[in-house]
Structures are given as C-alpha cells and as structure tokens.
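There are two complexes below, and they share chain A, which is joined by chain B in the first and by chain C in the second.
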Partner chain A sequence: MNNNFLLLMPEFLVTGLAFLVLTADFFLRGDRKNFLPYLAVLGLIGALTFTLIDQWDRVDHLYEGLILIDGYALFFKAFFLVLGVIVVLSSVEYVKRNLDNPGEYYGILIFTIVGMMLMAASGELLTAYISLELLSFGLYVLVSFDRYGAKSNEAGTKYILLGAFSSALMLYGISQVYGLLGTTRFDGIAEALSATPDISPGVLVGLVLIIAGLGFKVASVPFHMWAPDAYEGAPIPVTAYLAVGSKAAAFALVLRFFVEALMPAVGDWQMIIVIMAALTMTVGNLVALAQSNLKRLLAYSSIGHVGYLLMGVAALAAVGDDGRVQLQLSHLASNGLMLHLVAYGVTNMAVFLGIAVVYNATGKDDIANLAGLSRRAPFLSAVMAVSFFSLAGLPIFAGFVSKFYLFNAVALQGLLWLAGLAIFTSLISLYYYLNVVRQIYIEDAPDPTPISMPKLTVGVMGVLFLAIIFLGVYPVPLMEAIQHASDALMSSESPIGLSQGLR
Partner chain B sequence: MIELAHLQILSAGLFAIGTYGVLARRSAVLILMSIELMLNAVNINLVGYAAFVDFDEATRSFGQVLVIFVITIAAAELALAIAIILRLYRNRSTVNVDEIDLMKW
Partner chain C sequence: MDNFDSYALFLLVVIPMAGAVVVMLIPGALKQQIRWVSSAFALSALLVSFYVFWAYDHEAGGFQFQRTWDWLAMPGTGPLSDKAITLALGIDGIAAPMILLTGIVMFTGVLISWKIADRNKEFFVLYQLLLSGVFGVFVSLDLFFFFFFYELAVLPMYLLIGVWGSSSEFPTFSRAKEYGAMKLMIFLVAGSVLIWIAIMAIFVESGIGSFNLLELQNVTFSDNFQRVFFPFLMVGFGVLAGLWPFHTWSPDGHVAAPTAVSMVHAGVLMKLGAFGIIRVGILLMPEGAQDWMPVLIGLGTVNVLYGAWSALGQTDLKYVIGYSSVSHMGYVLMGIATLNSLGVTGAVLQMLSHGLMTALFFAVVGVVYDKTHTRDINVLEGLSKRMGFTAVLFAIAGFASLGLPGLSGFVAELLVFLGLFQTYPILGVLGIIGAAITAVYILRLMAKVFFGPLGERWQDETDASGLERFSTLILAGFILLVGLFPFPFIRVINTGVLEILQKFPEAG
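Right after this comes the complex of A and B.
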C-alpha cells in the first residue's frame, strides 16, 4: 500500500497557512494586526495556484479510496479557495470595526476551508463526516464570534445544538450502513446496493438518516430551523460564508455521495429528495415574504435556493420503464447544480458585502434601513440591485443562466411539475427582492449623508459586480470547467474505477 | 447469551431516548447530554456490528476505529458546545432554550 502523501499538499498548505496566521497574530501588536488578512489572502492565492498546477488533470486516490483526487474535487477546491479570498477580503473592514481577536477569526476561517476542500475530495462516509465536522466546528465558533453580542451567542448556541443533533443522526446512519453493507466507501455502497434489488429496511433507515443529517447541513425543509437564527445572529461576513461556503461544501459532498454511492437505489430516494426540494423552495420563499431583517430575509431566500439545488440532486437519474437506472441526463443535472452554486455564491457574496458596508455605517441591518441608499451610495446601490435581480433570476445576470440551466435539466428529466413549482416560487421571490430594491431606490433617506467605502471594499464589490454580469452574458468558460468536473464525477475511470456496474 | 439483536435493540433504544431528550428538554446542557446519549448509541451499534457480523479482519477493525473517531469528535464537540453555552450564560444568565428567543421566525 503506497500512499503518495504529496497528493494532500493543498490541504497541508492551507492548514499551514492557518497556523501561520495564528502564530503571526501572537507576535503582532495593535495596528499591525491589520496585516493578517492580507497574509491570509496571499497564502490562499498561493495555495490556489499550487493546487491548480499540481492537480490539473490528475486522477488518483489516497488511503485506498478514502480521499479522491480528480477533476471534480479540483473544481470545488479551487472554488473554495477563491471563495476564501473573497470572504477574507470582505471581512477586513467589518472585523476591524466590530470584532476582537482578528487572528483567531482568520485562522479559524482558514481551517474551515480545509474542511470544505476535504469534503469535496472524500470518497468514504467517515472521511466525509470528519471533514464535515472540521467545517462545522469552525463555523460554530465563527457564528458566535461576537462574544458580547447576545444575538451572536444565541445564534451559536442554536447552531451547535442542532448541528450536533444532526451529526448524531448522520452517524447513526453511517453505523447502519457500515453494519449492514460492510463498507462505508462510496463505490462499495454502490456495489452492495446494485447487488440486491430490494434494499433491507435497516439499510434504508441508515440512508434516510444520512440524508437527514446532510439535509440539516444544507438547511433544507424540514431541517431548516437553525438557519435563519444562525444567519441573523452571526457577524455579517460569516453569514455570507455560511450561506455560500458551507452550502457549496455540503452540496459538493451530497452530489458525490448520490452519484457515486446511491445511484443504484435511485428509485428509493428520488421521491424523498423531490418532496424535500418542493417543500424547501415553497417554505423558504413564502416565509421570506414576511421578514423585516435583511439577513433573515436572505436566510430564507437561501433556503429557497437550496430547494432549487436539491431539485438538481433529484434530477440526477431516473428509473426507466424497464426498471433500469437511466443516467443519460445526469450530466445536465449535475452541471446545473454546480453552475447554480457558483452563480448563487458570487451573487450572495456581493449582497452580503453591501449589507456589511451599510451595517458599518449605520449599525443596523433591517430592510427599512436601506431607504434612500441610492442617494447615499450610488455604486453600492447599483451593485446590490444587480445582485438582487440576479438572485431573483432576471436575464443577463448570473442567476438567470444558472436557474435556466438547472430548471431545464429538471424538466428534461421528467419532473415537469417540480420545474414549474420552481419557476412559480422564483416569481414569489421576485416580490421580496424587488421590495428591497424599492427601498433602495424609491424611498427617501432619513439621513442623506453619503456612505463612504474603503477602496478595498469598492474593489471587491467591483469584481463581484463584473463577475455577476460576465457569468450572465458569457458563461462558457465556467461551463467548460463545470463540464470537466461533471465528467470526472461520472466517468467510469474515476479514481477507484467505480460505477462500471451501472451502465 | 448476548446476540447482535440485543445490542441493536439497546442501541436503538438509547438513540430514541436521546432523540426524545433533545426534543423535550429545556436546558441547553441537558440537550447536550441527550446528544451524547445518541452518539453513544452509535458507538454501541458500531461495536456490536464489528463484534458479531462475520466481517473480514479489515472491515471489523474499521468499525472499531470508527468508534474511536466518534468518541474523539464527540468530546471535541462537547467542549465547544459547553464553551458557547457558557458565553450565553454570561450574557443572558440563563441556559433555558425557551428563554433564548431574541430571534424568532
């Protein structure tokens, strides 16, 4: 058994960076600590460059398939590292003004990136679980990072109690799968599931519990109760990170788990996921209508988006008339899911950065507080309006392309009513997004003093703004990367030679 | 004679009690204890399967290794949760989850 540990180099590098930031924090005094985020950004960009050069077109595995190195993992590793850079840069101003201990903040943030990278790369349930916990532990701390804020503590408590509960559910599921199938590796599970046409109730309980645990992590109805509270109470950049990063990581894991492990049993789980998706987008978007706090509104809107993403999972495969699993359309669904993750991520980062700017200036994050923002900060208002249009899925913005692709994949898979429901709930969401835009542009500002933004924030915002438009107008380069990742996920030459049995 | 079924029933029972505790308890600390019960149910389940099912050597020891991982992670999770709940207590002087209601809906 030869293990090439150099394959884990990206994770090692990022872990090293986290320790470096923590150590540097120890030696720097006072104002010098402002240098920490730039150290983190430089390190993350270095790790990104190394990862892209080192793992480009590399297909390999470590520890007998516990960790998989392939195009799919690479795509998500790169996405998480870029996301990390954006989150760190958008935290700079907020952390300086509102939080103590910047060293721990950035250090823990970087540790969670390691967790996310491992989640995308894990090919086995225990590895997946441990990387999930690595991510979650960091997020528990980050959510309750505002030590003296009552809301932040409350959010952290609710998040960790429900998070621990959900991981207990998931672990019980893993133990059932281990005991009854004799393996926790994804390819082993797929093999065991395709060997027997009828799944035993014990295994089914296990799989349902694992799905419930993952459902908690992505905040899908009926496991969404923690999300709005955690989002509202957390420091704003952390909310953005929760909404984008933890969700993308969980979906990276979900997608691999469903494609590589559960595909043979699609007849058993498809209905569960369809129902979860339908409930999630309906409840998320309907409850969002009643919100007055901006972060809470976006929490429910993100629950709605989880519904769309789950729809992509449901559309991964279908059982044909002959009772065999059909995979022709899997590519479309997984492409759509990843595209929507990226588009939603970019857009949400822009929105939350805008909220953070307003919060820094006014100390509030209510929707009413945005009144007349267009007179106070025209550029900020334009970016936020574009982001809300993109979230709603209006054409020429990123959100339109990704929603179009995803809904199309779902409709082609035969889940036409579900795609219809998705379009309908998108229309509902348009109402509350436009309500915010109305506040920004039509209402009068009670206090018309201009809001000034640091150059760095303007720069990050400009990049995100361009990315939203670019992805909406010309998504081809991103689509190619995603297609490559999908191929790696579905190909029969994936690292441990799986899924030949399927087709 | 103890069989696999006994351990499974014990584990499922413990898991159910833990779940009930999480849903019904008012104190955050008691909720944590109930979660610990659930995690220990997982451990009993794993050990039971590893001991009684006819696995090969590697699979058998994997189950036991899994238990050690679960114990470790549970300990870390508990420490973190207690720390966060302690902060909550300092700020609000209560750990009753019914009274932690600054944010609703």
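Right after this comes the complex of A and C.
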C-alpha cells in the first residue's frame, strides 16, 4: 500500500476553493459579496493550470485502482474546470439579480465540480457512485436554490425524488454485480465477463439496473421525465449546468465503465443501448415540437442530444462474424462521443447565457418573449441564432462536425439505420430551432427598447461564439486532445493494465 | 502564376467568407460602406472566377487547380484513415463554367441589393456566406466538404427569405414569406438527409477510410449497393434541382425571397443539385445511374411539361418565373439522364444558360416590383412605354428562355434535344412541346405586361436605375455571349463530360 495522495491534488484544490468561497462569504458584507464569483473563477483557473501541469502525460492510480489518473481523466477534468469557469461567469448577473446567498451558490457549485472530476477518474463502481452522489446532492440544492419560487421548489422536489430512486436502482445493480462477480472494479468486471462466454442472467439484471440508474442521470428515454420540470424550474445558469455539466460527467463515467468493464459483453448490452438511443432521440425531438417555454424546449432538445451520445456508446464495439469482440472502431466512437459532448456543451452554454440575459431584461423565458430580439440586441441574437444552427447540426458550426463524425462512427459499426434515424431527427429539430430563430429575427418586438448587457456577459458570449465557429471550422486541435484521451482510455498500458485480457 | 493557381479555388471560398466577416465588423449604421465593401469582395470573387474559367486548360482536361489540406483523421476506418477528411479542392470542365456563373450572379446580386436599407449588414453577411457555400460545393473534391458547403449554402436561406422577403396575396389564399422560407428549408434539408445517409453508406461500403472523391472513384461498388443508394443521391440532390414531385418549395421559396436571393437561388443554387447528381452520383455509382436514368428522364420530362403548364396558369409575375425554373431544370435533368456526350454537355450548358437567364428574369421582375409594388399580371399593362430598358432586358431573358437562336438557351436546349433523340426520341418530342408551351407563356407575358397599351396606373413610372441597368446588362451580355460564341464554353464542358462518361464503356 503505497498511495501517493498528491495525485488527488486537483480535487483537494477545488474542494479547498469551495471552502474558501464559503468562508469568504461570512466575512464579506453587502456589495462585497460580488467578489465571490471572481474568487471562484481565479481559483478554478488556478486549479486548471495546476492539473494540466501536474497530470500531463501522467498514468497512475490510487487505492489499488479505485481512482485512475490518466489522459482520459485529465481531459474531462480540464473540461469540467473550464465549464465551471464559464458557468460561474454566466451566473454573476443572474445571481446578483435573482438569488440570495451567493456564497452557498458558488460554494456548492464548486463542490459539484469535484464530484464530476472524480466521476471521470473512477475505476470502480462504488467510487463512481459516491462521486455521482456528490454531484447529485449539490445539484439538488442548486436546482431548488430559488427558495421562494414555486417552480424551483417543485423542480427540486421532483429531481430529488427521482434522483434518489435512480440511485437506489443503481446501488442495487452494483450489489448484484458484486454478489455474482465478486468485484466492483472495472477491470475485474471485464476479466470476469470475458472468462465465460455466456453472461449469467443475474449479472445481466445487475447491469441493466446500473444502466437504468445512469439512464436517469443522463435523462434518456424512458427515464427522462424529470428533466423538463427540473430544467424549467431551476435558476437559468443551473439549468445550463444541468444540461451540460451533469450530462458530460455522467457520460464520462458511462464511457469509461462501458469501455473498461463491459466491452467483453458487448453482444449482451449493445441492443439495449441502441434501442434506448433510438427512443431517446425520437421522443426528445418530437416532444420538443410542442413546447412553448424555451427551457423546456431545450430540455427536450438535450434529451434528443443524449440519444445521439448514446449511439456513440452503442457503437463502441461490435460482435464480429467469428463471435469475437471487434474493437477497431472503438476509438472512432469514443472520439465522436467526446467531440459531440464538447460541441453540445459549448453551444448549450451560449444558448442558456442568452436566455439568462433575456430573462434578466424581461423576467420571462417563453419562446414568444424572444420576438424581435434582433432589433433589441443584435449581438445576442446573432449568438443565439448561431447556437441554434449549431444544435441543429448545420455548418460552419461545431454541431455539424461533431454530428458528422459521431454519426459516421455509428454507421461504420453496422448501424446505418440508426445513424439515418439520427439524421432524420436532426431534421425535426431544425424545425423547432428555426421557429425560435423566426421569433428572434422575423417577428416584431412589442417593446423595442435595446437590451443592454454587462461587458462580462458580452465577453463570455463572444468567447463561446468564437468557440462554436472555431470548432466547426477547425476542430483539429480539439480532436488531438480527444484522441489522446481515447488512447489513454483504451491503451493496454492504462493504469492497472485494464483491458489487456481483451487483446 | 503557379502559386496563385494553387490558391485560386481556396480564394473563391474564402473571399465571400472574409467578406462576411468584414461586413460583420462594420457598424450597422454605415450602410453605404457596407454596400461598397460587399461589392468589392463580390468583384474580387468575380475576377478570380473569370481567371479560373479562362485558365482552365481544356486540352489537358481532368481536375485542375488541385490543392489538398489535411483536416481530420478517422482512426480504424481503413487504409487512408489518417487523411479521412481533407480539404481537397479541384475543378473539372463541368465545374469551371459553374464557377463563372456563380461569380457573375454573386456580383450582379450585390448590385441589385444596393437599395436594401433595412438591416443591410445582416443581409450581406448572410448573402456572402451563402455564396461561399456555393463556391465551396463547386470546388470540393472531398465528400465531407462537399456536404459541408452544400449545407452552408442552404443555411442562410431561412433568414434571407424570412427577414427580407415578401409575402404574396391572392384572391383566395396568401403565401406568407415565413411559409416559403420554412418550406424551402425543410425540403432542402430533408433532401440532404438522404444525401448524408448515402455519403455515410459510401464511406462504409468503400472501406478505404477516406472521403476524397478521387480515391473513392477508384473503388468499384457492388451493383446491388449502387442500385439501392443511387436513388438516395438522385432524390436528395434532385430536391434542390427542383425534381418533380419535390419541386414545390421552389416557386414558393423563390417568390418569397428578395430579388438577389431569388437570383442566386434559382440561378445558382438549383444547379448545385444537378451538379451533385453528376459529381457524386454518376461519378461514384455509374451502374446505379444507368439503372435509374429511365426514372430520372421520366421525372425530368414531367418537370418540363408540368412546370411549363403551371407557369401558364400563374397570375403573379414571380410565380411564372418560379415555375419556368422548374420547367427549365427539367431539361437539365433530362440531359443528364441521356448519359451521352451531347445530352450531358447540353445539360451543363443549360445550367449555365438558365442560371444567367433566371437571374436576369428575377432582377428585372425585382425592378418592376420595386417600381409598381405589384406583380399581378392582370394589373400590369404596357410598361414598356415608361420602362423601355427594363422591357428590352425582360425580352432578352424571355427569348433566351424560349430558345431563340443567338441566345444561350437555344444552344443548350438544342444539345439536350440532340442527345435525347439519340436515346429516347419520344421524350425529345415531349421536350420540344415543353419549349412550345414556354413560348406561349413568355410571349403572352411580354405582350400583356410590357408591350400592350399602357395602363392608367403606370403613367408616372420611371425606368431602372443606373446600377440596375449595369447589373442586368452584365447578365444580358453573357446570355448573348454564350448564345453567339458557345464553342469556348462547350469545349470546356465537353472535356469534363467525356471524362465522366468514360465510366460507361458502351455509351459515349
């Protein structure tokens, strides 16, 4: 037992930052509390810098493989920290106007980032579960943070009840797997699964329960019911965080779990995921057509996107004609999944930031409230239109490249029909996105007074705008990072020799 | 000039895109500066497109001005997966005249849009993005980028039509511009759903891990695969080319669009569809093409007759032109479907000719609408007395449209008919009947709207402005040029066509 606790330094730093923000909140009075977000941002940037320097090219593990330090974890840690910076910056104005207790808001937000970072690094089911709960508990509080708002409270209650239910499902699944296979470590599960050609029904039940639990967290059909209500009721920056952060973290965990633990049994779970993906993108995009509230619309649209991401999971491997597991396309699928996750994340952050600005100005967040926005705030409108086009998967924006890459991986894995369905549902999504764009650009504004935005918001928005276009035109640098993460995830020299048995 | 040659095509894509960025950075209040900057970028794109067409060596043939930049890898997909997606540019004899056409229409479109005053910044940003996409499709030799630019050329249409377009009122119903815009978008993107599926299928089936067309054309796809997936491309691209029965977006969309956008859309964008069938469909799936050509030629014939017949019944000036586009695109589809050198060359020449002439039509109709604020044929009477110049230009477009010798339409349609008589003589006859109907509605239109007795309401109308004259004269000049000296154009087109047709050993 020789554990190098310094490997957990990034997590320690971020936890320390959360405590620092909470403590500083005590000592700052009145307007001085406005410094809290900047303290949080500085801290997060510091943690990001440290993480990148400290863990670059480092391959190691802690606690006999419960926590893995590799390129994959690093990629997601960096992603979550950057996301944290963006979320904090886009919360500033909203929190100042609409919420009490900024200290707790930013403190809890930072705690959830720790949870997400650990999710990407977990190499074992219980560690993953605890990290997931750390994230979820923080989110329960954040969703109901507007404590005098009925909707926020309703959203929080629903989210907690369904979240607890899904956690119970997942825990039961984990106990089932542990009872039958005698391990909860990913590599142990993979070994046990590849030892026997047929997977026992008990294990399968356990896996299905775990998949269901994770399905709740990513809001995939048929476990998606909580999402629209939670999205609608939560404070807008929290909705953004819910849509991007918690999904990305859940997918970081899902991807590692499926690649490192479940790959040998791909024949048993692939069909489940394919059906979930097909249902998720169809239901999400169809129901979105009927929405009149922007946040609900985006909730359903993000359910649709979860369907696309799940396709990436389904395309990770296939059973070849000889009955052996084929892995040559795994990199492509996991690259596609991560690329789409980043593209989706950047784009959705821009959209939600825009909604927050409109909400701050008008106090409403219905689609109809965007009418004539292009005359009131040209820059904001351009960013939102670009984001919607990106979500619909049109060039020259990030969404096009990521969809093309991901769908192509799915088609190559022999699932052309699924990719075709995905393209078709994208067409459906174009219709409801265009209806929002119509409000922004074509309809007349009932109240034509210009909307002014704080410089900070304009800056964040500008960065997101450029990122959407840059990723759409030149995704090569990002792709290199993603490729590096995929290699780390699947290499045979990964921390404890995972998946060696496979090759 | 070697160095310039290798960047020329890249420039064609980048100039409009850079124009969009520059205009985006100019404050919206400086409307005049925005116009000048946009026209400067359009002019430089026009000059580059002239150069490219002029410098294309028809004796050497093949793909010229080639240049390739690496872009994304797709690990594990095949031997070429390190360079799965490349920005591969190059043009053959078919793309060269299309580039010339795009340059001309883009420039004249900017001049025609000079008078747009409401949010002209956003207009020119979107307009130049659109054109960047169009150039991109013509010069791309990589399926990914081909599709990338294809979608880019569709994307700005919604806003261009929705914001700057016009709604039409009829006695019994109306067509809102939002309706036209949404219909156009959904139809075109539905078409690209099919194209996207076919592209993925091609990539999977080829197994070489590359989207490069030059690599893919060496792969022989199984007959069965070609038979199944050629219709995806034929219909997918066909939607944009106005293929019956998927053409209904085209009249509605073109009528709702502002003048310059109608010019670009009917003049150039519809050509992307036909171009896509040749570039992707026939190049990669010759056997599939051969199997499906009877269907395409049948649908093309319906296009010609149905479009012409519908044009006959319209009372809105722009709807007449819209349906006449559907009809004329039918000749293009018929010509492609003959799969012989005369027919396909005629089809490509018709693409050029129809592009110029429809752009001229829409420009002239735009002038009339701006002056009179109506497009109702029943109300407009004898405008030539007050708008002589406009009337003459409309007549030139009209005569080109009905195939008067000496104008571009004649040569193109003649070649198409000759090609048809080699393969399907009966359909050739039907095609000529279509041309006859065209003559009826065009001449009727000219007689009523321009050359009849002057209506009382129009006593005080004035003729086209200097800029409008200049831009329409450019278009008319090229119609005459192609009509009187078609040989330089045919020569270039033919080299491209012959190369494609080498895929068919028995035809030729």
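Note that the second predicted complex is superposed on the first by the 503 of 503 C-alpha atoms of A that agree within 3 Å, B and C clash if a C-alpha of one lies under 4 Å from a C-alpha of the other, contacts with A are read in each partner's own complex, and residues count from 1 in each chain.
Note that in this section contacts are C-beta pairs under 8 Å (C-beta built on N, C-alpha and C of every residue); 3 or more make two chains touch, one makes a residue touch a chain.
Keep in mind that this is a model prediction, so the values were computed, not measured.
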{"item": "Which of chain B and chain C A:Asn335 touches, first, second, both or neither", "value": "second"}
{"item": "First, second, both or neither for A:Ser491, with chain B first and chain C second", "value": "neither"}
{"item": "Touching partner for A:Gly156 - first (chain B), second (chain C), both, neither", "value": "first"}
{"item": "Partner chain in contact with A:Ser175 - chain B first, chain C second, else both or neither", "value": "first"}
{"item": "Touched partner set for A:Leu394, first chain B, second chain C, both or neither", "value": "second"}
{"item": "First (chain B), second (chain C), both or neither touched by A:Phe404", "value": "second"}
{"item": "A:Glu133 touches, of chain B and chain C: first, second, both or neither?", "value": "first"}
{"item": "Common interface residues of chain A - those touching chain B in one complex and chain C in the other", "value": "none"}
{"item": "Footprint of chain A on chain C - complex, ascending", "value": "28, 71-77, 119, 122, 133, 144, 147-149, 151-152, 154-155, 158-159, 162-163, 178, 182, 185-186, 189-190, 193, 196-197, 200-201, 203-204"}
{"item": "Residues of chain B that touch chain A when the two form their complex", "value": "15, 18, 22, 28, 31-32, 35, 38-39, 41-42, 45-46, 48-49, 53, 55, 59, 62-63, 66, 69-70, 73, 76-77, 80-81, 84-85, 87-88, 91-92, 97, 100, 102-103, 105"}
{"item": "Complex contact set, residues of chain A against chain B", "value": "126, 129-130, 133, 137, 140-141, 144, 147-151, 153-158, 160-161, 164-165, 167-169, 171-172, 174-176, 178-180, 182-184, 228-229, 232-233, 287, 290, 296"}
{"item": "Interface residues, chain A side, partner chain C - complex", "value": "328-332, 335, 374, 378, 385, 389, 394-396, 400-401, 404-405, 407-409, 411-412, 416, 419-420, 423-424, 426-427, 430-431, 434, 437-438, 441-442, 475-476, 479, 483"}
